[in-house]
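Read from first to last, the chains carry the letters A, B, C and D; within each, the first residue is number 1.
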Amino acid sequence: MTHTYPYFGVNFKVYPNTIGEGGLELAKTVERVHEETGANFVVTPQIPDLRLITSETDLTVSSPHVDPVSPGRGIGKVLPETLADAGIAGATINHAENRDTLTDIAKKIDRCNEVGLDSSVCVDSIEMGEAVAAFDPDALIYEKPEDISTDRAITTTHPERVERFVEMIESTNPRTKVLVGGGIRTAEHVRAAFELGADATGAASAISTADDPYERLTEIAGALPE
Amino acid sequence: MTHTYPYFGVNFKVYPNTIGEGGLELAKTVERVHEETGANFVVTPQIPDLRLITSETDLTVSSPHVDPVSPGRGIGKVLPETLADAGIAGATINHAENRDTLTDIAKKIDRCNEVGLDSSVCVDSIEMGEAVAAFDPDALIYEKPEDISTDRAITTTHPERVERFVEMIESTNPRTKVLVGGGIRTAEHVRAAFELGADATGAASAISTADDPYERLTEIAGALPE
Amino acid sequence: MTHTYPYFGVNFKVYPNTIGEGGLELAKTVERVHEETGANFVVTPQIPDLRLITSETDLTVSSPHVDPVSPGRGIGKVLPETLADAGIAGATINHAENRDTLTDIAKKIDRCNEVGLDSSVCVDSIEMGEAVAAFDPDALIYEKPEDISTDRAITTTHPERVERFVEMIESTNPRTKVLVGGGIRTAEHVRAAFELGADATGAASAISTADDPYERLTEIAGALPE
Amino acid sequence: MTHTYPYFGVNFKVYPNTIGEGGLELAKTVERVHEETGANFVVTPQIPDLRLITSETDLTVSSPHVDPVSPGRGIGKVLPETLADAGIAGATINHAENRDTLTDIAKKIDRCNEVGLDSSVCVDSIEMGEAVAAFDPDALIYEKPEDISTDRAITTTHPERVERFVEMIESTNPRTKVLVGGGIRTAEHVRAAFELGADATGAASAISTADDPYERLTEIAGALPE
């Protein structure tokens, strides 16, 4: 496992201010908050910018995508070996904006294991989490598609679901970490996530489109368990 | 139009020796042959390596993929703006290993135009080329999926098809350039492509898996029209 | 060409009252209006109900889907030969709720031709219509996805677009028929479609969810050119 | 659960002799063997032929496909309610020739439950079977894509895998039935499947392309447990 827990994940998606130098600046802000507070962060930049962030920061960097392919043919594919070579620590699988077949989820987890990438698989129900746990991923990201880009964090609206999700993992595959996402915007949301038993949480728009990401991240850093 | 014609394209796909430093070395070899011979080349590296190649070489660099998205949400997508920011000159659309819907082909060409990327759309028949010409792409890549990774270059097996393809473009959209691909391995194949009226040609496995890419590229450079 | 023009198409989609006997009742209503008014109709039932409608009515029946496959393997595929065997007259390709790759559009049109099915390909712009015209389909269905299931018929909101679409087809492939759809609900919409040069028009929700489909269809029948 | 176990499944796929009357003849042959031997069969015809088979035979009929949709929009979709209305007993999900996303597998199983269809989900590994078991499907179809249309039945080549698969289901979700498929051609294969603990087995090409399906089915009927 290449990620250090607990952590707060910052997902750049393809927000306009996360392109190239803009993304690097955001990553540098994350790094500064890490250095000032000691809080762990994982950043997920845009794919063409991954090497820029790994070469210019000491952050743990994850890829927003990976393909279930091996070296050879396959134009435009994101090869696990290339991510590992770029110093990437992990990859997101089955995101709500990019659903995978069950077959590809299994292959992607296998390929990540083979090259030393942490596999983090998105699921939106306890059953789906239990299903993916059968493949022994490093982490599950539990988030409801309808919460994404809102301020309706599941930690506030349905805390009991998070607790049940955490219990399910503890009883089926305790090695697998749990990240709670979707609508996480405030330090309160973050604190609640960890109190409910999550190992990590994170956000995309709440940071990437914040007026002052430094301030927002500093508040959040204070909500992470030591 | 950002590409200089005529040119020979070198597509890295995800061949094992094109990862990171391996890809950079291959790109440097291409650059050396360009400097020694004056022949134009376009390289298409792996997506996570695009910035590495644009920052370390003066080559024209194209992306093997682009998504039909705009800045905002969309995890793991390859944003046209990010490619442009990275100094990329163009993008491949509708490759045989990654087919696009008609709707996405139209959107991708539009988005490429908006950010100043050359759009090169793969097609495998004259009718399909005529269809895509309606969207006014910068280039069409005419290649048969069954020829890819073989030595059965269409320039040798069916030269008349290349001629008819070139005539079709000249009569419908003469602005659009024609690249012929699929099974191109030798200087003879390359020479034939240009004699048949192509504006460009290229290869993937023939270079990326060659014992001596420098030698192979130098031979090919000699076959490009001045 | 198996369809008789001009016609009004009634698309059942998967609306609840179009299942089995419900769909047959709706088809019988269409047939009754045809017999009373002489107006031509084409119905597009649900796939498992296609044979029910062809065996119990004399209507022209089209399939809402077809796959680009040939007899053999391919579980769950809708084989063109099976549609032809069931007395189906045509098939819808590339609907906005089910987009096809460019490659599959070409193959589907070819396969329809081979077995004697009319191919009707959905497009949402003049350029896309021009593109698909290169494959010589029997008909193009011009409709904007955003108009579907609304009452904003393009014939009212943007009549000039319909005129330009019709002109484009007349100059590129006059053999191909033009159906205008999306938000068509009233006799006025239908009359306008034909005045603008369309060969056919049609609706889904406006008929399938109408309180009195007989009344609605009778009004529309009066708006069809003789 | 609508299927009677043990059974032998006959999948028509889109083989040429299973179209319309050809498919009905094959189904009648299956029915005759059932009547003569008492062996249970489930047939999976082509989608446009489903009602033909349910109306003309007393066989248990399954659909080769179902879509994760509810009544309403959704052109060309196979609606669970329409299958139930047609007298269909179940549906195949996630077949190797038609892979589903994890999200769709979950939705399809739910929708099948809501309308009273047996859900049978294809998987190709024990882990994948364990994963899908989390959604409590009625049955899992364990078959390797590479065995399909061959004579390399997993019951012969890797009997221990079948045993482990059966054990896995017994310990995680004993309610779920296990069907073993892929390369099943002979009475020996069938006998082995049941001896290894399977609840059902089946074939496509071995029956659909047999010179004498009646003879083949009669032999197989003799291999089914009473």
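In the analysis below, contacts are C-beta pairs under 8 Å (C-beta built on N, C-alpha and C of every residue); 3 or more make two chains touch, one makes a residue touch a chain.
Protein names from UniProt, one per chain: A, B, C, D = Triosephosphate isomerase.
Computed from a predicted structure; not experimentally measured.
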{"item": "For chain C, the least number of touch steps when starting out from chain A", "value": "2"}
{"item": "Same-interface partner of A-B, chosen from the options C-D, B-C or A-D, over half of the pairs matching", "value": "C-D"}
{"item": "Mean-CA-position distance for chain D and chain A (Å)", "value": "38"}
{"item": "Length of the line joining the C-alpha centres of chain C and chain D, rounded to whole Å", "value": "34"}
{"item": "Euclidean distance of C-alpha centroids - chain B vs chain D, Å", "value": "45"}
{"item": "For chain B, residues that touch 2 or more chains besides their own", "value": "none"}
{"item": "Residues of chain D defined as touching chain A within the complex", "value": "94, 99-106, 123-125, 127-128, 130-135"}
{"item": "Residue ranges of chain A in contact with chain B within the complex", "value": "11, 13-16, 19-21, 44, 46-52, 63-65, 69, 71-79, 81-83, 85-86, 88, 92, 95, 97-98, 148-149, 204-205"}
